[in-house]
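Got a structure for you, questions after.
Think of it as A, B and C in the order they're written, each chain with its own count starting at 1.
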Amino acid sequence: MNEKDIRKSQIKRTVFNVILYTFLVLVALFVIIPFYWMILTAIKSDFDLVVVPPKLFLKYNEIVFQNFADAFERAPFGRNMLNTLIVAGISTVGTLITTVFAAFAFARLNFKGRDLLFIVLIATMMIPGEIFVITNYSTVARLGWLGGNNIPQVYSQALLAMTLPFMTSVFYIFFLRQSFKRIPDELYFAAKVDGTSDFKYLWRIMVPIAKPTIITITILNAMGTWNAYIWPNLVTDNASFRLVTDGLRNAYSELGGRTIFNEQMAAALIITTPLLITFLLLKKYIMRGVSRSGIKG
Amino acid sequence: MEVKLQGITKIFVQKDKTEVVAVKSMDIVIPSGKLIGLLGPSGCGKSTTLYMIAGLHKPNEGRIFFGDEDVTDMAPEDRGIGLVFQNYALYPHMTVRQNIMFPLENIKVPKPEAVIRAQEMADLVGIGDLMDRKPKELSGGQQQRVAIARALVKKPRVLLLDEPLSNLDARLRLQTREEIKRIQRETGITTIFVTHDQEEAMSISDEIVLMELGVKQQVGIPQDVYDNPSNLFSAKFLGTPPINIFEAIIKSKKVVLAGNIIGKSKAEDQDVLVGIRPEGFEVDEKGSLKLTVDMVETIGRDTSLIMVDPTKKGETFRAIVDSQHRIKPGDVVKTNIRPEKMFVFNPNTGQLIN
Amino acid sequence: MLERQSNLKAWLYLAPALILLSIFIFYPLFNAFLISFFKDVVIEDMSTDGFAGIDNYSEVLRNGNFKNALVNTSVIVFVSVPLSVVIALFISVGLKSIKKLQGVFQTIFFLPYVTNAIAIGMAFAFIFHRDYGLLNTMMGWFGVDPINWIGAGATWGRAMTALLIFSIWGGLAFKILVFLSGLQGIDKQYYDAAKIDSAPRGRIFTKITIPLLSPMIAYVTITSFIGAFKVYTTVVGMFGASMGTSGNPRQMITVVGLVYSYIGDIGEGGTAASIAIILFLITLAFTGIQMQVSKKRVHY
């Protein structure tokens, strides 16, 4: 091993690093470009939209915001966002209540059939959701929540239809149970000695300790509602009852060959921005939650 | 292959930007073909030193030489070293054979030759019949031998062992320690052996390097370091039971302990610390130092006397004497101090005073 | 764990979740199996024209739409999943080995996970636009003539290519994140040992990283396959509810897409259910095979 060999292996390492960074930058561009394209198109004027070849950058004075106004005019996105927040709020609170109780029973209480029931629940996680959707659609229809012949659906029915099936989640029960299980038994015994009831112990001790998990569940559930398309799209036809995602898709379906892509991108941007902001603010919780729980999007 | 460290310093910058000086201005020369024990308490920078020799850490200052060659900037894979990690780091998904052959495949040794060399090396360390097992199917001692075999198989220029025996039980530790010594003699590879167990270092090493807080304290043949500690740390660190330390004074070239003259010194009058090895007490009718016996433990041919410390209230210390003396608890014995077992230190610097 | 059993109390705590699960999971599961054997099931009121035996199933299997949907779905499953797993693997290993900008890259790579498939699908659709799209513009720099990716009259191959690119884009984030956390869990000592053993990068990757990451790889691959069999929203995002190019609806329809279109048709509940169940069985069989394979290959 001499000077020359050392030089050679140093050069090799430098070359490798250059290639590696180039690769990562290229992938990063691949990931970012759709966002850039969305933003760029959203602020293009109708004229710039159809310039060939398309402009890849806009000058300051070429930027227009008309598209956002048009988008809000075409579909009630403000209303849709409000609906989404309401639905997310209701279903998150509902989910937390039912899953905290159930997870507590599985983690802390001893009852006949516990392990069997737990396995049965876990097994249902493998079944594709479409199988449930068919009957669930029928269930909400028969409850009259979709409206009937000539009877229009009312808002509270739409809300019920959109939230009730998602008021619990086997996955979150499982996720919470894991967190609860990590709490040492001694805490429970100490609380028992002090005469604390199970109910009080659950809400005063276990829930605060499992707070990170609960925050993660809240965020993931809210983001899930924001991105939900299939079910909300099935259970309401009324544009002002819709959630953002199906609102967006329905506003711009079947437009034929007409090019209002700038308005469409403005609308897409309107509903993407809150998500991105939420993500950047709560990055830590989201990434930790996803990597720990391995939830598939 | 001689290994030479010149003024090696390693500073770790932690996440909160605070700096940890793990190794400070180390100079060591390790003669070719010798086994050197790198000895010091936990956290003193032994692993760090070893990793710098291996090239896994880059020193902030100083140079490292293998023979005449400066390897400071050389990547670990180019240094031609074997390293046995503190917890072996055997690849868990490979069999013993695959583990041992891995370094050979990397340097493109032809497969048939690699198989033969791996088998030879496995036989040398005594695991030749375990070749198809996975690491987790082996005992700690067996894993340790696999790690040694993997380190040796590529005929490294230098072999580095990082506390390789710390995970073994006491009996296995003694046995493998002899084995490492034997393998090292047979292969003649310059070897650096890290340990915090002074007895282990003393028994296995040709020379020991004593470290504390990232600083080299003393280097030498184990018995020499034991017999001539150059400072308080060396004196305290070597020897079981450990050396006894007393506050004393030097007055008119005499060492005075609790009013008794126990030896001579050439130094000026001053306060000092006196270290006396347990075996340095000689029971003698005409002895100058009177001590009260608190407890007596007889183990084999030696008798341990737990004595009341004449300089500190409520403290005791241990002396080892011949069991021919019949001594009971509560007795007052007169002792002489063997001059070669007594060391006088400056209480502020810890350095030896002649 | 308390030794004493507290049956009544436990069931009370479980009741809210169990009631909902019974209504929206257990009953629907049972019901789907049931109606898949009945004629002309009207989903809204579950009325039927009587027992049909396996007619629904045999009709579905003969149905050309189903074949199309199955082909589309299979292409997406067997191209986008392996590709994105491999790409994600390289990205995460590369990301792990750099020192600067790791956090920035990680955030960027995770973005697709938190975005809305419908919204970003629309952006992709415009990227693939023949005249005003970014892709054709960029390919034009290299002298390639504009390609009709997803416009009216686009060929299946081109539309599928566009869809696959979008699927891979959307699938990377989750995989990278899981791989990164898996890599985090590999003891650094193995890499030190490999360096000492003079292993070149390529061999470290194939002999150390891949085997030690194999449980994660298996996990990600299996869940991604299961997810990809259910592909639907991605297609709707890019192609709209018609799931095809303009003038050629259903060109890109997937199996799940077909289920939803039958849910929308009156009297096709049995058909929808039988398709869903066939899909479930395919997924199940495939997952079973994969688990068998990974049992042999994965190092635990």
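Some notes on this structure:
Just so it is clear, a contact is a pair of C-beta atoms (placed from the backbone, for glycine too) under 8 Å apart; a residue touches a chain by one contact, two chains touch by 3 or more.
This structure is a prediction, so every number in the text was calculated from the model and none was measured.
Arrangement of the chains shown, judged by which pairs touch: all-to-all, with no pair of chains left without contact. The interface with the largest number of contacting C-beta pairs joins chains A-C. Put simply, the C-alpha centre of chain A and that of chain B have 58 angstrom between them.
Here the spacing of chain A and chain C, counted between their Cα centres, is 16 Å.
Annotation for chain B: residues 75, 78 touch two or more other chains. The set of chain C residues touching two or more other chains is empty.
Shared interface positions of chain A, i.e. residues touching 2 or more other chains, are not present. Across the interface of their complex, chain C is touched by residues 51, 54-56, 75-78, 81-83, 85, 87, 89, 91-94, 102-103, 105-107, 150-151, 154 of chain B. Across the complex, chain B is touched by residues 187, 189-190, 192-200, 203, 207-208, 211-212, 214, 299 of chain C. Residues 1-2, 5-6, 9-10, 13 of chain A are the ones touching chain B in the complex.
By the touch criterion stated above, chain A contacts chain C in their complex at residues 16-17, 20-21, 23-24, 27-28, 30-35, 37-38, 41, 49-54, 56, 97-99, 101-102, 104-105, 108-112, 114, 117, 121, 124, 126-139, 141-142, 146, 164-165, 167-168, 170, 173, 185, 188, 198, 223, 226-227, 229-230, 234, 244-246, 248-250, 252-254, 256-257, 259, 261, 264-265, 267-269, 271-272, 275-276, 278-280, 283, 286-287, 290-292, 294, 296-297. Against chain A, in their complex, chain B makes its touches with residues 69, 71, 73-75, 78-80.
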